[in-house]
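So, here's a batch of structures to check.
Below, chain A partners chain B and then partners chain C, in two separate complexes.
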Partner chain A sequence: MVVGMTMETFLQQLINGLSLGSLYALIAIGYTMVYGILRLINFAHGDIFMMAAYFTYFGIAVFFLPWYVTFIITIGLTILLGVTIERVAYRPLRDAPKTSLLISAIGVSFLLENVATYLFSGKPQAFPEFPLLTTPFFIGGLSIQPVSIVIPIVAFILMSALLFMINKTKLGMAMRAVAVDYDTAKLMGIKINGVISSTFAIGSALAAVGAILWCMKYPSVLPLMGVVPGLKCFIAAVIGGIGNVKGAVLGGLILGFSEVLMVAFFPALTGYRDAIAFVILIIILLFLPNGLLGKKQVEKV
Partner chain B sequence: MKKPLSVLLSLALVVTMAAGCSSGTTTTSSGDSDVIKIGVFEPLTGANAAGGELEVEGVELANKLRPEVLGKKVELVIADNKSDKAEATTAAARLIEKDKVVAILGSWGSSLSIAAGDVVKTNQIPAVALSATNPQVTAGNDYYFRVCFLDPFQGTVMANYASKKLNAKKVAIIQEVSNDYSVGLAKFFTDSFVKLTGDPNAIVATGNYNTGDQDFNGILTNIKAANPDAIFAPGNFTESALIIKQARALGITAPFIGGDTWETNEFITVGGADVEGAVMSTFFDDTNPLTEAGKTFVAEYKKAYPDRENIAAVTALGYDGYMMTLDAIERAGSADPVAIRDALAATKDFEGATGMITIDANGDATKNEAIIKTVKDGKFTYMDSVTID
Partner chain C sequence: MNETQNSLGAYLKLHWKTAVFLVVLLIGIGLADIFVDSYMRRLLNLCAIYVIVSLAMNLVNGFTGQFSLGQAGFMAIGAYTVAIFTVPVESRTAIFYLEPMAPFLANIQLPFVVALILGGLASVVVAFFIGSPCLRLRGDYLAIATLGFSEIIRIVFTNTQSITNGALGIKSIPTISSLWWTYGTALLIIIATILLVYSSYGRAFKSIREDEIAAEAMGVGLFKTKMTSFLIGAFFTGIGGGLFAALLGTVDPKQFYFTLTYNFLLIIVLGGMGSISGTIIASFLVTLGQEALRFLDEPMAFGLDLPIFRPGLRMVVFSFLLMIIVLFYRKGLMGTNELTWDFMAQKFQSIKKKLSRKKTSTEGGGK
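Let's look at the complex of A and B:
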């Protein structure tokens, strides 16, 4: 069922894949950072992303705040939410078995989804339009929304800033130390709680930026909108090697491109596009159990 | 100290289980009381919530106008099936076993109604689908009825519209593969359109997506390359609105046509200016009701919801479903579910808000008129009414 494809269509699909992949990358970073530090898969991350979308929706469409004020408030509230979740649901369980922590994360995820359904109703809300970013311009037969270009640029800038922070600053050094050995880092006088809170703050801030950009491109806000992106970005983080920031970005891009290209080359299989994420995950884990950029884990005895 | 409590709890569990089982065999436990319970089985959360809410409005309005039958008060028990097929089965079973309803109304969404089909059949509780248009809802099920038209009819109406009004020769289809309604309607449309044009290749592209998807750029880019004259995209309103938005952003100018599920306010609020001109078939036109019952319904609705600009067709169907069920209870002369079923099956020339309803051998309403509406200035606007024999 491969259709003959013009160069134009192919380029258009590449642009689609790039912007989708960059969005996945932004959210995947949040998963990978928390895992790197706490060895916890934060299943509530997709729902933090959803809450950020609602914060933006309320700021602009309900309270009529200017967009830049809304964005700052959204990022602030999302950070607050992420840090609070860590403080309330994860910190008391830090010395408990990892499974308890995981179950707590799933619980938080369900809680956020149901609170959102209760407060905001299950009906989709229309996200406000940003004509400057969404009105497409045409090059030849290509149609490009400015937001599709803005997304990869923002993702790239944020990732560079994050890598700089991790590799060059004191906080970053502390994060790396905690990731390598939690107990020793504690003994060395690193303020573990502060490091973990900042990790959640950074992950949530990136989820907030991801949510704002996501909603500009796909302008509807729903209580369950975080579930599928959350799962996919978790997969992206695993593909790239969970715990590795560059890996999360790589994984996100691979996932975005492969989804769109599968649709492009095998139109008959488009209904299975969600399955492709899992197929890629299985294949990569079979050959590279630690993901593409993951370090080999040595079992400590 | 804890032991007596646990014994008590397990005892309670056994009793509830026994009660749950027994309701499957006996029929009327609520028939003795002075209340008749009718279940309303609708998606109130999840992707289809807006549709479910509109139908509940219709049912509640009808209940307000006619709160009693056989001298007993009618109590509505509303159950949320969460837009989920697995939840739908549970919700229907709960209505029957726990709430002891004598009849069920709903659900918005054929898939959800189909999921509840076995439950109502084995428990012998009649159900009336309001806007579920897929033939499978009532096929092979003596206990499921409906008050709306069916998808083979709706598919033909839209194929005629595409071929005759839009002069389309080539059409692309975008369907929600996880939704029986969407896949079924797309198929009936295809059959009819191919026959009308006499061209077996009249469908130039097909795109599939899943409920809840938000990115459609991939499938739309393929469709753009196929350059169709029109795009038929039956499916859930949220996804459909996003599809149209993304299509316009990709520079696709072909008109979009769809089915009855589009007619919710969310389709317009999410789609904004991009859904202007989208065309869909539906059940009812509030500016021109065909029956006296329709006029009463419109007047009462406007009294109850003075701030609404237009009335969704599914709300009228919710009203009809309730009124037809009460009419059947009255004719049956009892609240026994099997007697109600027989009375529903014998419904003839019942005057509903959406037209005259006669139930045929399959349990379907025989209707041969559809309304075509379009989005104009941010409102669903009447375009045409189509009768096909």
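Let's look at the complex of A and C:
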């Protein structure tokens, strides 16, 4: 199987892996930031991603808005959705047992999936192609879709901006403080609700960009499209060390590469493509439960 | 001999209401089994299966506080085990027409009970492999790993054509129609759960739910206890899945989509996380409710062509219900209480008191 793979196809797969991994990284950041601050698996994040894909679809294919208007509206609506979910479904349960919060997150996810199925029907909708982005160009025997290059570049710019925000600005400092110690941060006068809302806003905005880019590469939208990417991106966050933004990026890339390369090297395993993330999860939990870049977590009494 | 008779007499004296209730219940099931039509029979059977699976889920999620979302996956394992081992050998070539059944399985046919238990045990084995990395850690990894597992198991069953017949599924499984199979199993599992929850194991489960660190300090072996609960839950769920396969007579990977798990989640949240009787009540409410609200998916409900009634509305209602319960009635119907005779007497008393107080207050206002 490995024989017969030329250098070109290998490079080609690497580029595919890079763009898929960058998409995973964009979504994984949303999981890791929310988990870092609220210690909550935001099950709805994958469905926020799905809704963003529908917003894009409606903007471009139904209302025929120019692409830049659609993108701005999509990002705006997705941020609104993410912040509203936090406000309505998570904030009232801030002091409730953690299980209730988790159930609420699952409930939101389930509700979004069902509402999307009800409103948009369960059938996949074809997303219009962008010839400019999908017509491949050739470099030395490699055929590359421009979108495969655009995705990592956009992702890289956004992640750098995010890291700058977290490390250099006041809001970022407040986020880090809340993540380290929720109660102390509160006592120090940090406006917890504002910090949490902005965390959800940032996570949702990245998921929206992820969804836009995703639709360019995989042009089809359906109500359950967020489930499997959502699960995988949470796993990516765990691989990198949950709560750590750089870790989420690293985890996303690892997952993207391993998925693409596994299918390339072992075509017989194509059917099991979605399974590899979970195999990696089990291995990581067994041997490196804090992830690659995570700190050891100590539970306090 | 005399002594045991005495103690039995004393026991009956103490629990005569429960004994009468059980006898009435058994007669009720017997009568239903004779008189009920096939549609209602199927629905009642489904209720019993939902009781089994929800109870197993509540044991892990409600009593032990470990968030497992693998119910659909464990059910799939139980269901496929029953399907593979009970389909008559002579009809197998017709079912597996794309690719013949693997030779090591093709000629094995087991009695239903054996296949059912085998399905439960297969779930236990798989649960052990998921549980051993996840239950060692504090945190919510179990939720994501079990949800992931139930997706994987579907992928695996879709791809193992020669064992599970892939996406085509397995048809003509010998069906059960008598209510006794499902209700008998459900009763056994309810009794087993009650005995378990009120044993020292059950107390260890609850101590982990309340406070892991305190439980560990008191000498509860965290990993072992969580694992016990998780494995028992998986066993019951596998059995539930086996009954499900035998009820429907056909299995295919699509039946075990992870959204199936959310039904059970709704049930245990509605009934009360940590209440056996609450789970049983909620299982009936949700199963019958889902059937009763089917008209929401029909475009022509109420004889009018209302555009809001179309496929999917029913599930929107149910997911909305889940949100409402979690946000506003977090304890569900029963909280962690049980519907015992004492509990009912207490409720009755408090309602009576409230009514009489209202009466006096209105009388006072009149003067």
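As a convention for this text, the second predicted complex is superposed on the first by the 297 of 301 C-alpha atoms of A that agree within 3 Å, B and C clash if a C-alpha of one lies under 4 Å from a C-alpha of the other, contacts with A are read in each partner's own complex, and residues count from 1 in each chain.
Here is the rule we use: a residue touches a chain if its C-beta (ideal position, glycine included) is under 8 Å from a C-beta of that chain, and two chains touch if they have at least 3 such contacts.
Quick caveat: nothing in here was measured; it's all calculated off a predicted structure.
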Query: Looking at the overlay on chain A, is there a clash between chain B and chain C, or do the two fit?
result: clash
- request: Please work out whether A:Gln12 is in contact with chain B alone, chain C alone, both, or neither, and reply first, second, both or neither.
  value: first
Task: With the two complexes superposed on chain A, say which partner A:Gly122 touches: chain B (first), chain C (second), both, or neither.
output: both
Message: For A:Pro289, using the defined touch cut-off, is the partner it touches chain B, chain C, both, or neither? Pick first, second, both or neither.
response: second
Task: State whether A:Gly271 touches chain B only (first), chain C only (second), both chains, or neither.
output: both
Message: For A:Glu259, using the defined touch cut-off, is the partner it touches chain B, chain C, both, or neither? Pick first, second, both or neither.
response: first
- prompt: chain A residues touched by both chain B and chain C?
  reply: 117, 121-122, 227-228, 271, 274
- prompt: Where on chain A does chain C make contact in their complex?
  reply: 41, 88-89, 92-93, 96, 98-100, 102-104, 106-108, 110-111, 113-115, 117-118, 121-122, 227-228, 231, 234-235, 238, 271-272, 274-275, 277-278, 281-282, 285-286, 289, 299, 301
Message: Touching residues of chain A toward chain B in the complex: what are they?
response: 3, 5-6, 8-9, 12-13, 16, 20, 117, 121-126, 129, 134, 136, 138, 141, 143, 145, 214, 217-220, 222-225, 227-228, 259-260, 262-264, 267-268, 270-271, 273-274
Query: Touching chain A in the complex: which residues of chain C?
result: 61, 65, 67, 69, 129-130, 132-134, 136-138, 140-141, 143-145, 147-149, 151-152, 155-156, 158-159, 212-213, 258-259, 262, 265, 269, 273, 310-313, 315-316, 318-320, 322-323, 326-327, 330
- line: Residue positions on chain B within touch of chain A in the complex are 43-47, 49-50, 53, 83, 177-178, 205-210, 212-215, 217-219, 221-222, 224-226, 238, 241-242, 245-246, 249-251, 266, 269-270, 272
